[in-house]
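Listed below are the structures to be examined.
Common to both upcoming complexes is subunit A, partnered first by subunit B, then by subunit C.
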Partner chain A sequence: MRKCSIQALDTVFETIAEAAVLYLPVDGDNGASYKKWEKGTVMSNALNTVRSPKDFFFPQSENLMEFRTSGKTIEVIDKREEKEDFVVFGVRACDVKSFDILDRVFLNEPCDSYYADRREHGTIVSMACTRPVETCFCQTFGIDASNPAGDLSCWKTETDVYFQANTEKGEKLLAAIAGVTEESDDTAVKAQQEKTREIMKKLPLADLTTEGFGAGKTAELFNAPEWKELSQSCLGCGTCTFVCPTCQCYDIKDFKTGKGVIRFRCWDSCMYSDFTKMAHGNPRLSQLERFRQRFMHKLVYYPENNDGVYSCVGCGRCLAKCPISMNIVKVMRTIGGKADE
Partner chain B sequence: MQKVTGELLINKALELLDNGTVNRVLGWKRGEFAYDMTPAVFADAEELKNNFVFNDFCGANFSKYLIAETRKEGKVLVFLKPCDSYSFNQLLTEHRFDREKVYAVGIPCEGMVDISKVKKAAGDGILDIVCENDGLVVKTLYDTDKVIDCKEVLAERCVSCKSRKCVAYDELLGENGDVLDSSRFDEVEKLEKMTEDERYAFWQNELSRCIRCNACRDVCPACTCEKCVFDNPDSGVENKAVSDSFEEKMFHIIRAFHVAGRCTDCGECSRVCPQHIPLHLLNRKFIKDINEFYGDYQAGAEVGSRAPLVNYTVDDLEPSEAVQKGDADNA
Partner chain C sequence: MNNREETLIPKIGVITDVRIDTPDVKTFRVVTPDGKKAFEHKPGQCAMLSIPGVGEAMFSITSSPTNSEFMEFSIKKCGCVTEWLHEAEPGQQITIRGPYGNPFPVDDKFKGQDLLFVAGGIGLAPLRSVINYCRHYRENYGKIDIVYGSRSKDDLVDYQEILNEWMTDDNIFVHLTIDREQEGWDGHVGFVPNYVKELGFDTNKTVIICGPPIMIKFTLEGLCSLGFEKTQIYTTMELRMKCGVGKCGRCNIGSKYVCKDGPVFRCDQLEELPNEY
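Right, the complex of A and B next:
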């Protein structure tokens, strides 16, 4: 483990930015968002960004290819841009975990090369939480907010920042900042973790469990009568899906340019009426069906196809942002079971 | 702090359920925390007693839900805050639901609280909020309990409340208020005073945060098209991609045009925006212009009124004069 003083953090950023584009969370009037680091950029201490960092690997919209016609020939142009190496600094434990969930979808055969390109060029530097809030429930999914994964893990105390490499990429980055950091033991980190874990126990959602969900539960849960009540006031907007770090559905569309077609991909939302619309029409005609799809996907279908891993990381963004305050926690409380108290 | 209590509303609902006036009740359902109420339909007395809530966090406007609710069997009870009652009238003006299938109870409102302001004032990790007199006692994970003046954390739309008068109801709980001389156009005036470049920069900055979640449209009581043009894949416009910075602006500007003259200024669009974009300012600019060009008009103040944009009088301003007037205002 290595460390630097809080004051030296700017030098660390400067060193990282010499070799790669550096992004970090920055405070704004309306919450924190990831911004490109420039000299003088101050890293946010906010618990999390309004939008998740999934954009770095899976942007909301991207051009895939272009078809240009000239006479009787069609030219197919790959719209992929040359990727630079980049570092995302300050990713919380929940969001780091979301990359694993996206990886299982995009890196599985057939591998999504657009996504893989970005993953290859990106290095994740995580940041341990010290002040979780009432909407946090990462521990429900086995995530330890005080011990975030990522290529390089960080802990920020009142005086210092500690670094621990977890992967080859992390080792490389740690070596790059070796000149501005020093060797350290993990006493301060251990103490901070202890403290954070105590706070986690006191969170109002600490008792939330995945009991009643998971692989093999489709038959039992699909026709649960509770879906009707849970979905009855859903507006059908895409807020929950678009702030979610693990929502991975997308649509591929063609845009006519006049000289040809640009094929692009954009995030889709299972809450939208044209979601998975096919030649025959739409398989989910009611908001109940669309609403159910979102939660069944996260809590049943995904774990069924991915060794029991749930596709929620408990970041709490949907809890904070849903216009009607309906969310996965309320679904789990209503349909699943509470832990024995 | 609200003058009517949840208990009073529950008792009214129980009475109307019991005497058969209605068979269900639209209300705010208790959440996980002190501030995350969900709109719900209550058909059961026990459920009402246990989970119906009314307090400073019940901002959701139920009027739009009546379109779907009135297609069901029996009469539904709806509680209307003053600003909700304007939406209610506007929807009736547009023949969007069957008035006979609704029993409306008007309730006074002292303004709703914006939870993000509470979080800023009281700190992270809100464990509980108790409404006491004109203050909120906020219990947090990291700080000592804080008492916050409700006025300090009112939602933006309530700070510049246009009316405390319920304009539609079968029955009123408490006393009706008055139409207020509000400051709601102050921000619009500031925008009008900007140069074109400044104004462009302002909206560029605000709208660039848009994630096209469509929450503003989906919550809007004036957006009641059975199929929105942005949801029609054959329309050629995109409903979920921010394809470029121009298109996301177009979405909001088209929407503002579409609700011009029909928007009652309920402020739901700005309340639900996950990116805190002040969308209500677009609508208020239209309202202000309509007032100035054609005389004061409040959508939803009564049922059946003709908005100036869909009405013709010989005194109407010619479009060219409107443009000139607009230019003069900006000069």
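Right, the complex of A and C next:
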């Protein structure tokens, strides 16, 4: 483990930015968001960014290819370009875990080259949480907020920043900042972790479990009568899917530029009425079916296809952002049979 | 430049022939610009066809893999992409990518079996690939029965091939039916599910069924009342798709994606999935 003083963090950023584009959470009028580092950029101390960092690998909208048409002929133009190396600094434990969940979708054969390319060029520097709040429930999914994964893990105390490499990319980055850091023991990190874990234990969602969910639960849960009441007030706005770090459904659309056609991919939401709509009908006609799909996917279907891993990391963004205060926790407590607790 | 293969980036296909099958079904012959097949496939697999600026959609490959020269797609006019295709003339280029999905188990489970094909309307399109594959390797399969029905005589897809090839083959029995009486039709009249029951097949057959959901539902009931098990019956599904490779997240039935875990399902496996299709 290595460390530097809080004051030296700017030099660390400067050193990283010499070799790669550096992004870090920065405070703004509407909360924290990832911004490109420039000299003088101050890293946010917010618990997390409003939007998840999934944009770095799976952007909200991206051009896939272009077409030029003339008469009856079509030309396909592959516009993929080599990406530049980048570092995302300050990712929380929950969001770091979300990349594993996205990897299982996009890197699974046939590998999505757009995603894979960004993933290869990106280095994740995580940041341990010290002040988890009442919407946090990463521990439900076995995530330790005080011990985040990523290529390089970081802990920030009042005086110092500690670094621990977990991967080859992390080692490389740690070597690059060796000049501004020094060897250290992990006493201060251990003490911080202890404190954070104590807070985690006292959080209102600390007792939330995945009991009742997981692979093989479709038959039992699909027709649960509770879906009706749970979904009744859902507006179908899709906010939960957009702020969710693990929601990965996408649409592919064409845009006529006047000179040709750009085929692009953008985020889509299973909460939208036209998501499954076909020329001859729609298998999910009501919001109940769309609402159920989102939670069944995260809590049953995804684990069934992915060795029991749930497609939720407990970041709490949907809890904070849903306009009608409906969320995965309420679904888990109700359908999972914990409504009375 | 990214050197990785990318499944979403399609090839160019050229429509070399358009056959008018019914008032709303046309069959398109597609090859690459240098006159070859775009890719090899197995019976029951699908391809993504698109017209840049209009959209991309999944279609079952109607031609048999044994056709070494071209692919054919029988397409019913019912949405943006299909309406555009119906206006297309030979020489028109489109884009094509695939093949996607799991085929019918023609080379294992079906081998040595008597086969019963049941199709309604455009539902014959995905089965035609299987039927012609089985005709090509005729010695691998037992007796073949085909029950095919549509609204009227004019709605039977590629009636000529049925008349001139299937009906003249030895040991292939074609049973056609149309929904209502029609002048010039002396064949059977009535819905497919009832006709299947009337014909009363032996239960030692493997059944392959495709058509409108309501036809599948009632035919299944009919077959079960004749003593067929769901483990003997196969079908092929269709849901909205964007990627074709299990990532865009919209064609799932429970934990199964129709594009990669289907589109071919055995009915007992389908029955285990939520009834959301």
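We take it that the second predicted complex is superposed on the first by the 328 of 341 C-alpha atoms of A that agree within 3 Å, B and C clash if a C-alpha of one lies under 4 Å from a C-alpha of the other, contacts with A are read in each partner's own complex, and residues count from 1 in each chain.
Keep in mind that, in the parts below, a residue touches a chain if its C-beta (ideal position, glycine included) is under 8 Å from a C-beta of that chain, and two chains touch if they have at least 3 such contacts.
Predicted model only: the values in this text are computed from it and were never measured.
Within the superposed three-chain model, A:Lys277 lies in touch with subunit B and with subunit C [touch as defined at top]. Residue contacts after overlaying the shared chain place A:Val261 against subunit C, while subunit B stays out of touching range. Look at A:Glu289: by the touch rule set out above, it reaches subunit C but stays clear of subunit B. Of the two partner chains placed by the overlay, only subunit B lies in contact with A:Pro323; subunit C stays clear of it.
By the touch criterion stated above, A:Glu304 is placed in contact with subunit C alone, subunit B being left untouched. When the two complexes are overlaid on their common chain A, residue A:Ile74 makes contact with subunit C while staying clear of subunit B. When the two complexes are overlaid on their common chain A, residue A:Val243 makes contact with subunit B while staying clear of subunit C.
Looking at the shared chain after the overlay, A:Phe106 reaches subunit C, while subunit B stays out of its contact range. In the superposition on chain A, A:Asp207 makes contact with neither subunit B nor subunit C. For the contact definition in use here, the residues of subunit A common to its subunit B contact set and its subunit C contact set are 251, 253, 268, 277.
Interface residues of subunit A facing subunit B in the complex, by the touch rule stated above, are 29-31, 47, 50-51, 60-61, 131-135, 199, 202-205, 229, 232-233, 235-239, 241-243, 251, 253, 255, 264, 266-269, 272-274, 277, 319, 321, 323-326, 329-330, 333. Taken together, the subunit C residues at the contact with subunit A in this complex read 1-2, 4-12, 52-56, 78-80, 82, 89, 91-95, 238-240, 242-243, 245-255, 272-274, 276-277. By the touch criterion given at the top, residues 64-65, 67, 69, 72-76, 78, 80-82, 105-106, 108, 110-114, 116-117, 218-219, 222, 248-254, 256, 260-261, 263, 265, 268, 270, 275-280, 283-284, 289, 293, 296-297, 300-302, 304-305 of subunit A touch subunit C in their complex.
On the subunit B side of its complex with subunit A, the touching residues are 31-33, 36-41, 60, 65, 124-127, 141-142, 209, 211-215, 217-219, 231, 233, 238-243, 271-272, 274-276.
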